[in-house]
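Look at the two complexes coming up: subunit A is in both, with subunit B in one and subunit C in the other.
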Partner chain A sequence: MNLSVSPADAVAMAPFIAAVLAAMAVILVDFVWPGRRTAALLTTFVGLAIVAGLILVANEGARTTQNGVSTVFNGSYRVDALTTFLDLLFVSIAGLTAAFAPDYLGERRLPVAEFNATLLFAMTGAMLLAGSADLIVLFLGLELMVLPGYLLAGFHKNDGFSTEGAIKYFLLGSFSSAIFLFGLAFVFGMTGTTRIDGVAGYLKAIVAGTAPFSPALGMGLAFLTTGVAFKIAAVPFHYWTPDAYQGSPTPVTGYLSVGPKVGAFALIIRLFAGALLPMAVQWNVVIIVLAATTMTLGNLVALTQDNVKRMLAYSSIAHTGYMLVGFAAFAAGQAQGLEGLLYYGAAYSFMNLGAFAVIASIQRRTGITSNLSTFAGLIRREPALAWLMTLFLLSLTGIPPTAGFFGKFYVILAAVQAGNTNPWLTGLAVLAMLNAAAAAFYYLRVVVYMFMRDPSEEVASIGHGRLVWAGLAVSTVMTIALGLFPGILLGLVSSAAAAVHVN
Partner chain B sequence: MTGSGLVTLVTFLPLVGAIVVAFTNGERANQARYAALGFALLTWVVSLVMLTQFVSSPGTTQFIDQAPWIPAFGIQYKVGADGLSMVLVVLTTTLTWISILASFSPIQNRVKEYMISFLVLEVGMTGVFVAQDLFLFYIFWEIVLVPMYLIIGIWGGKNRIYATIKFVLYTLVGSLLMLVAILATAFLYQSGHGGSWANAFDLASLVAWAGEGHFSGTFGILAFGAFALAFAIKVPMFPFHTWLPDAHVEAPTAGSVILAGVLLKLGGYGFIRFAIPLFPEAAHSWAPLIIVLSLIGIIYGAIVALVQPDLKKLVAYSSVSHMGFVTLGIFTFQQQALQGAILQMVNHGLITGALFLLVGVIYERTHDRTIAKMGGLGAALPVYSAALGFFVFASVGLPGLSGFVGEFLTLLGTFAAMPAAAVVATFVMIFAAGYLLWMLQRMAFGELSEFLRGLGSHLTDMKPIEAMTLVPLGALVVVFGLYPGLVLTLVSGSVETTIRYATQAAPIALGLWR
Partner chain C sequence: MLSFLNGISQNLDTYLVLSGILFAIGSFGFLARRNAISMLMSIELMVNAVNLAFIAFGAFSPALAADASSIALIVIASAAAEATVGLAIVIAIYRNKKTPLVDEYDAMRQ
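Let's turn to the complex of A and B:
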């Protein structure tokens, strides 16, 4: 095995290494100037900027290769358009979370530096996951992404709910990781390789009839699917989500609802669209069923929630379902399904982070719940936040011209196209739209409270830091821009989706 | 961008207005009021300029502004207006400034947000009427929802939240299924053109391709069904009408005016512009059902209006009945009937808009809308009662006023195509005379009721500002009643084109109905 590092390899790995260094730098800075928020934040954002720059450099390095992919370490890690797209998304998610959190954390005397360092480690894991070309690296990335997530969920250690949510998250998370790893072991045992293209090659041989299909491999696939379904919180593997989301500190909930979710979809893409694609016909049935149940059940349960955080937790389950529709369309042979999924992921990240940022801002003062009644009369108390929340909620509903609308448009377009060959996909598209209409009910309920109800008691408005406003501005601009001018992202998602197949 | 920019101007001028209103001082409500009125009037003037420049030549869409938008899917920013669009755009701009003026005194709460909502609403409505690209059309279609949701939900009556959520959910179910149909249609076009997305959402290209019979068969039936559901909910057709009485009763006066005057027309317009030209064969297959439902709507709306104790609900149910004539006229695929249907859309906008304004006027004084509590207004409020009488007669369909011409043409055309339907519909017009005249009698005639007497000096006749909102509507009702040709020449091109699309496709099916 050749493990020497060439300059090209260094370029490809640079973003990943920089992300680790940035996380450590934050800890170091806090060690030198303990408790100085500004220093920790500055280090975080400079670190993120450097990582983003290096991602672009690495992408340039990959683009100039023959097939647009540069692989490192004997082909176990790769930089391609998909890696770049997802990495940039992860950096944006981490940056926005880091912008929204300090206000909320500061009021509760929770340390900002540790929070940011943990966040950066989680981002590093997601980045490793996004570029993995080997099942072992895939698992490493997955664990590196979710372990800091458990910490973040329990970050408010004096709060019982936070601890409870974190424990549930941790138990079910490690449980599902174990299932996933078990599945990987089966796949390795039956195919004799952990390389993604190797597994794909073996499956291709099975489909062609030149290699035998063993029941053990089928079990491996089943375990992998189950593990992944846990990670994306697909129904019926979603039970950990509401408690983990409701209990976590609100900025963390925002992060958990997008970061690990997009990360888990990166896992799905690399694993199912990369390694297991030859048997798509077989596993797509499962994906279609998962998509249908996930969006329907997520929406139905969200309808009855009175706590906005919990409601958004269930709605995030529903959004997982919509994204799975895109993936099912992809598996049915429509490349646009994957593009739609990626677009949806980006759109969902910005609008959902924005929504959670508004909740976190309202909850800045301790003791304010995220119940619907908190939102009553918000338009009088904090008009700017009320209007922004309305925008994010409309986007989550899928009302044009917002990012959420175009995301749905893209995914449904792919499903309708795939419906040409597989009628189930047309059914899925119709079901998704009916779900979107039902979802309007619970999203608009928040708007009703904000605009049309009077507050039960007068609460003085609270000031918000500049960083929060800056983060909200970014989310707002992206939510509108991705709806009005989707062209800015279409090129990226189509080259990212195309990169999956290139070996 | 290519084009004169005139349609773009008329569409987005209110948006500029909304932004300007957003920067007015929230403490001084008059700033927002006059800024909004100014922009609404300006938009109206621009639409009139457009009208004067409009040369009616058959079937052509004019003032086309075009720019690429999302080239990856062949989606363009493409707007333009033919006769039908032109008429409805002017109706929209007219009713918008009237509504804004009519809101000056009733709306005292959060005036700024109210005016912004109204101007954004105007953008959406105008946009629907001028969009020449299916994606763009859908966006405008959905944009309409948000401000209307806020207008009913914030400034509405007691039960406003229930009403507004019902309104949004009904409309969304229809429109989201329509989105699936739009995508499927575009996809079919794309796969029929070698996988190229160019023009796949362009209305003219799609209609031309539909003319070659590409959207027929099961696909056409299903896609038409999805489009028709969205439009039927908006019109609203029986049995999808149940959101309408709630929304109307709870909406503030100006909201009701726009709802009845323009929003319901979006449905009728959608049938004429999109559903029939894109799926002519399917339209024929669906026509019997739609005609039956229209007749049921006409009868049902009239009967239910007859027993309404609430004045506003009565007018709301009369809308269901009147709009039944529109769908009836459209789906007989007959030239006169279609002309009648379009006239009926315009007239209903003017007359029902005015009736809702009149309901608002009396409600502001009495804070009650129960017809039984009224009586003797004729002597107490002569001007008001005269205006009410005028618009009631217009709504009944008194010859010489515009309401008559629309219904007459619709029935004439329907009679030529299917006499039975025309007979049923004509019979129902007696009910219309019944509920409206009975309402007028209970309101205006006789002794001043005890309830009204108790109001004492609060019971004043119409103020000049209120009269100002009604005069233009009344004038148009008279003008269109005497010279319906004004509208008919404008829309003749659109009517001919639509009839051509409809009859070219399936003359046999039409023959069966004779």
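Let's turn to the complex of A and C:
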């Protein structure tokens, strides 16, 4: 076993190491200047900028290799176009969350430095997940991503709702981790390897009939699938989502609805599109059923919610379903399905973070609920926020020219094309369109409240920090730019999707 | 020496079945118990069942022995981190609600 680290290896690992160091630097800075918000924020953003720069450097290092992939540590971690795309997305998500949170946290006397350090550690886990080429690295990345997430959910530790959301998130999260790990153990034992390409090779031999398929391996794969379904909150494994999202502090809810979600999709891509691809015909049945139930139930329950945070929690379940449609199309042989999924992930991240940033800004003063009535007459109280919220909700609905439209468009288009070979995917595409139409009702209800209802009581408007406006500007620009010029992301997305297969 | 080990099974399946039984007991405990601490303990039991499976695979095929032991160590470390986070959250919610029973944590389901 060769464990020496070459300069090329160091370049490939640099973004990951820098992310860990940035998280520790935030803690150290807070140790030297306790409670100084500016110092902690400056360290966070400088750290994120360095990580983003190193991701691009590592990407250059990978591009100059023969097949566009650089692997380190005996091939257990890899940098390719997919790693780069997902890493940059995770850095943007962490950066936007760090921009939206301080106002909300400051008003509740919660420490900003600890929040940012925890957030950076969660980002580190997601980055490890995105580049993993080994099932154990995959598991470690998953744990490193979700453990800080539990802490963030319970960050408002004196608040009953926040801790209640955190304990539900934690219990179901670690239960699903144990299930995932159990599946991992049997896949390891039966295939004799933890390398993703090794597992893929073994499954290929099974499909070709040269290796035996044992019930234990089937059980392992079933447990892996169940664990992953918990992590992406697919119906019927979604019970933790509404409570965890409603209870968490609002900026955390924004983060939880995109960061761990895209991270879990990175896990799905690496696991199913990488390791388990030879048996795609078998597991795609499960993905199709999950996609159909997830988007339908998510939308139906979202229709009945009066709390906007809880409504967006159910809507995030529905969005998981749309992304699964793209993945089902990919598994049915349409490469565009994976491209659509990645595009959807990026579009969803910016628009959903934006929507939650608006809610967090409205809730800045303590004691303001996220009920629909809070949004009544917002256009007169805070016109800028009301317009931005309208934009993000239209994008979540999928109305052109916004990012959400092209996300849905690519995913459904891929499903329609895959429908030529697998009629179930045509049905899935139709169901996705019906769902998108039904979703318009509950998104636009918030818009109606903001523009047409009178507030039940007069609430004085409150100022918002420059950081929040800067973050909102980024989300807005991305939401509109991805809706007007989808080409800026299509090149990245297609090279990222193509990198899955390269060994 | 170690003569009491003579009666121990030399068959991999025995250990995998034992691991499966432990995992099932853990899942049952998680689903049936309503005390947050008991649920945490059940999760630990499930993770240890997984570790038993890893070690059994390693013990019965020499090619996997090194991998299996290192994976088991990694899993122990991650389970410890998970328990730390979990206990911290349980203590925080106990201070708010004065009960470890998860059925009482229903403020959001009016």
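Couple of notes before you dig in:
The criterion applied here is as follows: the second predicted complex is superposed on the first by the 503 of 503 C-alpha atoms of A that agree within 3 Å, B and C clash if a C-alpha of one lies under 4 Å from a C-alpha of the other, contacts with A are read in each partner's own complex, and residues count from 1 in each chain.
Note that in this section a residue touches a chain if its C-beta (ideal position, glycine included) is under 8 Å from a C-beta of that chain, and two chains touch if they have at least 3 such contacts.
On a predicted model such as this, the values are computed, not experimentally measured, just so you know.
Superimposing the complexes on subunit A yields a three-chain arrangement in which subunit B and subunit C fit side by side.
In the superposed model, A:D9 lies in contact with neither subunit B nor subunit C. Taking the C-alpha centre of subunit A as the vertex, the lines to the centres of subunit B and subunit C open to an angle of 140 degrees, rounded to the nearest 10. By the touch criterion defined above, A:L434 reaches subunit B but does not reach subunit C. By the touch criterion stated above, A:I412 is placed in contact with subunit B alone, subunit C being left untouched. With both structures placed on the common chain, the touch criterion links A:D159 to subunit C but leaves subunit B unconnected.
By the touch criterion defined above, A:D243 lies against subunit C but remains apart from subunit B after alignment on the C-alpha atoms of chain A. In the superposed model, A:M452 makes contact with subunit B only, not with subunit C. By the touch criterion defined above, A:I167 reaches subunit C but does not reach subunit B. Residue contacts after overlaying the shared chain place A:L151 against subunit C, while subunit B stays out of touching range. Minimum Cα separation between subunit B and subunit C in the superposed model: 28 Å.
Judged by the document's definition of touching, no subunit A residue lies at the interface with subunit B and also at the interface with subunit C. On the subunit C side of its complex with subunit A, the touching residues are 16, 19, 23, 26-27, 30, 36, 39-40, 43, 46-47, 49-50, 53-54, 56-57, 61, 63-64, 67-68, 71, 74-75, 78, 81-82, 85-86, 88-90, 92-93, 95-97, 102, 105, 107-109. The touching residues of subunit A, counted against subunit C in their complex, run 136, 139-140, 143, 147, 150-151, 154, 157-161, 163-168, 170-171, 174-175, 177-179, 181-182, 184-186, 188-189, 192, 194, 216, 242-243, 246-247, 310. Subunit B meets subunit A in the complex at residues 69-73, 110, 113, 138-139, 142-143, 145-146, 149-150, 153-154, 160-161, 164-165, 168-169, 172-173, 176-177, 179-180, 183-184, 186-187, 191.
For subunit A in complex with subunit B, the touching residues are 379, 394, 398-401, 405, 409, 412-413, 416-417, 419-420, 426, 429-430, 433-434, 436-438, 440-441, 444-445, 447-448, 451-452, 486-487, 490-491, 494.
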